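Right, I'll just put the structure down here and ask away after.
Chain naming follows the written order as A, B, C and D, and within any one chain the residues start at number 1.
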Amino acid sequence: MTEELAAPLSAEDQMVQSMADASPTKWHRAHTTWFFETFILLPHARGYRPFDERFTFLFNSYYKRLGGHPVRAQRGLWSRPSLAEVGDYRAHVDRHIAAMLSDGVSPEIERLLELGVNHEQQHQELILTDIKHALWVNPLQPAYTESSTEPRCQAAPMQWLDYPGGEREIGYRGDGFCFDNETPRHSLLLRPFRLASRLITSGEYLEFMNDGGYRRPELWLSEGWDEACGNAWDAPLYWHRDGDRWLQFTLAGERDVEPAEPVCHVSYFEADAYARWAGARLPLEAEWEVAATALPVAGNLLEERRLHPAAARGSGLQQMFGDCWEWTASPYVGYPGYQPDPGALGEYNGKFMCNQMVLRGGSCATPRSHVRSSYRNFFPARARWQFSSLRLAK
Amino acid sequence: MTEELAAPLSAEDQMVQSMADASPTKWHRAHTTWFFETFILLPHARGYRPFDERFTFLFNSYYKRLGGHPVRAQRGLWSRPSLAEVGDYRAHVDRHIAAMLSDGVSPEIERLLELGVNHEQQHQELILTDIKHALWVNPLQPAYTESSTEPRCQAAPMQWLDYPGGEREIGYRGDGFCFDNETPRHSLLLRPFRLASRLITSGEYLEFMNDGGYRRPELWLSEGWDEACGNAWDAPLYWHRDGDRWLQFTLAGERDVEPAEPVCHVSYFEADAYARWAGARLPLEAEWEVAATALPVAGNLLEERRLHPAAARGSGLQQMFGDCWEWTASPYVGYPGYQPDPGALGEYNGKFMCNQMVLRGGSCATPRSHVRSSYRNFFPARARWQFSSLRLAK
Amino acid sequence: MTEELAAPLSAEDQMVQSMADASPTKWHRAHTTWFFETFILLPHARGYRPFDERFTFLFNSYYKRLGGHPVRAQRGLWSRPSLAEVGDYRAHVDRHIAAMLSDGVSPEIERLLELGVNHEQQHQELILTDIKHALWVNPLQPAYTESSTEPRCQAAPMQWLDYPGGEREIGYRGDGFCFDNETPRHSLLLRPFRLASRLITSGEYLEFMNDGGYRRPELWLSEGWDEACGNAWDAPLYWHRDGDRWLQFTLAGERDVEPAEPVCHVSYFEADAYARWAGARLPLEAEWEVAATALPVAGNLLEERRLHPAAARGSGLQQMFGDCWEWTASPYVGYPGYQPDPGALGEYNGKFMCNQMVLRGGSCATPRSHVRSSYRNFFPARARWQFSSLRLAK
Amino acid sequence: MTEELAAPLSAEDQMVQSMADASPTKWHRAHTTWFFETFILLPHARGYRPFDERFTFLFNSYYKRLGGHPVRAQRGLWSRPSLAEVGDYRAHVDRHIAAMLSDGVSPEIERLLELGVNHEQQHQELILTDIKHALWVNPLQPAYTESSTEPRCQAAPMQWLDYPGGEREIGYRGDGFCFDNETPRHSLLLRPFRLASRLITSGEYLEFMNDGGYRRPELWLSEGWDEACGNAWDAPLYWHRDGDRWLQFTLAGERDVEPAEPVCHVSYFEADAYARWAGARLPLEAEWEVAATALPVAGNLLEERRLHPAAARGSGLQQMFGDCWEWTASPYVGYPGYQPDPGALGEYNGKFMCNQMVLRGGSCATPRSHVRSSYRNFFPARARWQFSSLRLAK
């Protein structure tokens, strides 16, 4: 999948880093390979020699216990190693992983392989969100993929679905893979709540904008208002006005904002302001998980190759998986009794548990096998370049 | 109390704003008066004429619904109005409030008066923490008050106190005054937990420092590590090394760091790193409140006039009130069902519920009648200029 | 004079530092005193004891050879020493200087005293320009002095005056005091040139503005255009538009822009752009000096107490001294053979000879005895808070 | 030559922009082509159709009169147009220029062609200085070219050469091509002066460093000292210490600092500080030109393909052309009577005449036919990434 996602991009495209938060495609491809080499091949494959000693430092993202890493904001300056060398690096590591697998591996290594695959799936989504930003800052605004024009349609009407309160359990349950931040499963008390049946649409969001949403401080968190003013936000990221029309940049290039589609690329601050304007609130992550737990993981996910959110068409609780990540009202903290994985892998999740908000449900850029009802994504409240949207709660 | 705290300070002292987070004493005195004028006299005192029309704008801190306020970081540039004029402003408003009271007031106004007093108490603490910073940045490092030298002493040994888990209630209960963020009272589930009997001492913190606490990224949250490196933190704020000694700036001037006293002026990031180093964690705010709820509000609070934390001397659960605010592991969010006060007063608490951490318990600069077990203070994780410390939990 | 200029200002007023380029009045008063103490009393007055050892460091502006100085941008945070202490410092040093003088002094000390007085005169002008900025940033915009309303008048018409080219001499000639940067007197070749008879008026500058002066990049130096755009300049400093009117903040408070008065508070970039728009250029400092050398030092200088430029009323070459400093087209460099004064005093002028432009002629805030035809003032091209204007040349 | 210089670089290498001052090789190649298209083909080639309408905006560097240009600091983000498209663009424009030439061109167009070639030569030098920086910031520090190891040698001893004073002429004289900033030729007065026979060597510069050159503020201009401290300069750009050795990054990769070679990659501030330390000064540009005017343009220039300065080996006045540009003590201003070229081409030189210093003589990256004794290069005093060095004067 990683290689398929990178395939439409030239060596030049794969080198762009359009802001410090994003990374070049080439870096994503090398770093995910480094992960397998560092955590599996080097400690566990007898006689394994690193492809290039210098990559050990070069493609470490942020694991301090492994002894240092380059400055994140300069990843876009690395014309060397070339894309071809990174391709060789991937082939080399793939070959050794395959050899290991054919020999049979221990449960511990199986667990590490699963982690490596899940890690790479996260970077598959980032490849798409980061290249979307990179192509957008280019004055030519080229498309990543062919346009998939679809007939305009209506979104299914929004309904309120009721959920009882009481003691509930959240957190991962099962024998499969999960990240440490989904554990331990634990009980908590919920009050009765209501969830909207689908995501907020661009059309609904336009009403908020037309009602002065970006000019009324009483709707905003204090820090959100400062962020909005300081960056002159007046619409979601990738939107711009052309006379009477609103246009949006998509992975298929620029096109009209479709009122029926979910609004996308909004920050937590915007999601929160919209909810306040609408007389509602964002759901807690526990509310979301309780509602999602019985649903199959299905929807407009990466395998659909749509790469853009789609209008809700069904009835009942929709769009819980896929389309867009949903900002929740829950700050990202460890669950009661949370223990990070041991060693350097413990830096994967735990050290980011501050000043981030939880998002749930996956997006049109998330691999289907990657997400589940207990899955916790997280980003700072100001982040907008992910496929992020909102669902109302009461 | 406000006037008493300002009394040792000259007109010049009362004008200093040493960083954007802090405000001049003169501003605190004017703004707290503005609060009474704006929310009580102007809407409720028949025929009241504002002391100076321009102050309506000038001394608004952040209430957007009242139509704008000056840039916060420039408060230290206002030589006019003079300190004497601000004194006149206070006398004018006091006079009218007194007249109102002697006529008898409605419960609604009583509630507003209580809010005004509690608001002013918060600024009393800020007067002390802000002037401490202001005097410290002065190359002469003058003292705010006479030195109160005390005999060195031992801190009471730290013990672990056990608390059962289960369903518990937190939030304000009673008929008195509380802030909207302490409500609604609600139930939640706690796991059994242990609390340390007292705050961490400077001596214990020195062990962390001597063990490389500020040089070991594995002990830190990612954002905390960046903050510590970016600002070259190697000790709590106000500490500096002089050869073999560690000195600390206090409101009584510079003196030796006392190992028995609680460590103070640490950020959430430092508190969290210390706890990780110590094999423990910070308490949840609910854990803290459950443990504190039976205790009287007593300790080294503002009325002691010590203005500096003191060594723990007793036994059992100590230092819950006073000495230093205690960082908790809980991000500052609204309780389930939280509703901000209506109107502009709703901006008091709710709009800051993002990217801040809850602190509990009050400090040596908090008025005794201001704090209680349900009281929620909050600051960004990087803040260090408050009297902030930590207590371990497990 | 220093004390007279400070007299209308409270202790609070004298503490304001409204930007890093400016300094508080209190600081100016202490630093000029420090200059006499450091360069005269300490090395030359037998048995002299410093008023306060700590002031040696505290009131050093930038003399690196004297062992360090505080951060410039924090001068406004020093509530201590108090204004009263600074007054005592001045009295103490005055007393010792007076005693020295009554004993008779050597020519070397006489030269240092003269330097000290000239140094203080520079700070007298800065007291006025800095407090003007300080009062302007105050939302109340108080006046420094009573308004001196004058009848509106016409400016004398601008004429072109011709000067022959050839070999000319510039630089100080005489036995009196001058700064090292006015020496050595030397010859240079000039081409025939023309000078405008007076400064550009606010009315003329308004024509430039109305002709799109601030929106036409072809009129600007590249760096000036970036500065203008980055700071949203659309008029001189202290001007603002109120409907159809242009108002300006003056030391007597806000009043209408008077078309007949010289335009003031423009940067070099604006002066240069105006000249280009007008089909002319700014004079070289040598051209200015050659034209000024025969004139008496007379005009709207500090002793007039007007503290604001006045309309030109006479004929022939006017406004060469006083009213406003005139930006020249000459970068500030040492004259051929220039040698800085020896020792720490050599830091007075020489080390600033980079990235500054020369201004000539003095302003309404310059003491009459301070300026002369060879006098070289200098500021960065972006500076606007001095009384700076322009005269055209061809 | 442009294509030859770009040849060793991959599409990825040609995309790197390592700082805002520098540009990608691909951009240089496209912009120089844009120059021919914009100033020659579009206005003068009948029926010429632009290769791509969007390039008109995209590859404009800073010509405001042509209606806007992209943000300079983002040139490194343009993966599109691809390197291949830029190659096609160049071929297209070359073809049309060749066709134009074969038809015969007017003197006006000949002049524009000459300007276009000279413009491209400037970018040839920038291709080398910019890629040097780009490869240096890469953690792998790859080489641009094969290492040309040479035997260590001694530099010729430095001698002082005397020049008489008096009236002299500078500025371009002749019928060939020159830039507008070399005109008009004019007379000026010089005092007798001495020039060092060669550039300062790395060995001599190491003496300055070992004598505390970077720690002694009295040697520095005020702004230079702030720049040096703020950026932690302790050696020329591209140098770093490895134990007892000093290494330097070159276009052939990292190698030892050679004491006999000219010191290179120093700012004006460092050159000025060195000269002060050595009891000398930097030459005026007029002094340099008077001395250089009789010499042939010969030396270690681009055509040598050394791409690194070489030790002086001869006698008499050496290294005037090639090796390194020489900082002069002259700010970059227009000569008396200077007139920029008409139209958008007038933005080429004139609008940069502020806050820059003149450099003379060309470097090992300058095409031989590009430089001459009247040639004026200019950079801000803080710039270090050009091949810049110094020669002493007295």
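Quick notes on this structure:
Just so it is clear, a residue touches a chain if its C-beta (ideal position, glycine included) is under 8 Å from a C-beta of that chain, and two chains touch if they have at least 3 such contacts.
Remember, predicted model here, so these are calculated numbers, not experimental data.
Annotation of chain A and chain C: jointly contacted by B, D, touch as defined at the top. Of all residue numbers used where chain B meets chain C, over half belong to both copies. The two sides are thus made of the same residues. When chain centres are set by their Cα atoms, the one at the greatest distance from chain D is B. Per-chain Cα centroids separate chain A from chain B by 37 Å. Centre-to-centre separation between chain A and chain D, using Cα means, comes to 46 Å. Once the centre of each chain is set as its mean CA position, chain B and chain D turn out to be 57 Å apart.
In chain A, there is no position where the chain touches two or more neighbouring chains simultaneously.
In terms of which chains touch, the assembly is arranged as a closed ring, every chain touching its two neighbours and no others.
This structure has the following touching chain pairs: A-B, A-D, B-C, C-D. Chain D makes touch with chain A in their complex at residues 9-18, 54, 57-58, 70, 74, 76-83, 134-135, 137-140, 142. Looking at the complex, you find that chain B touches chain A at residues 62, 64-65, 167, 186-189, 191, 217-218, 220-225, 268-269, 272, 329-331, 333, 336-337, 347, 351-355, 381.
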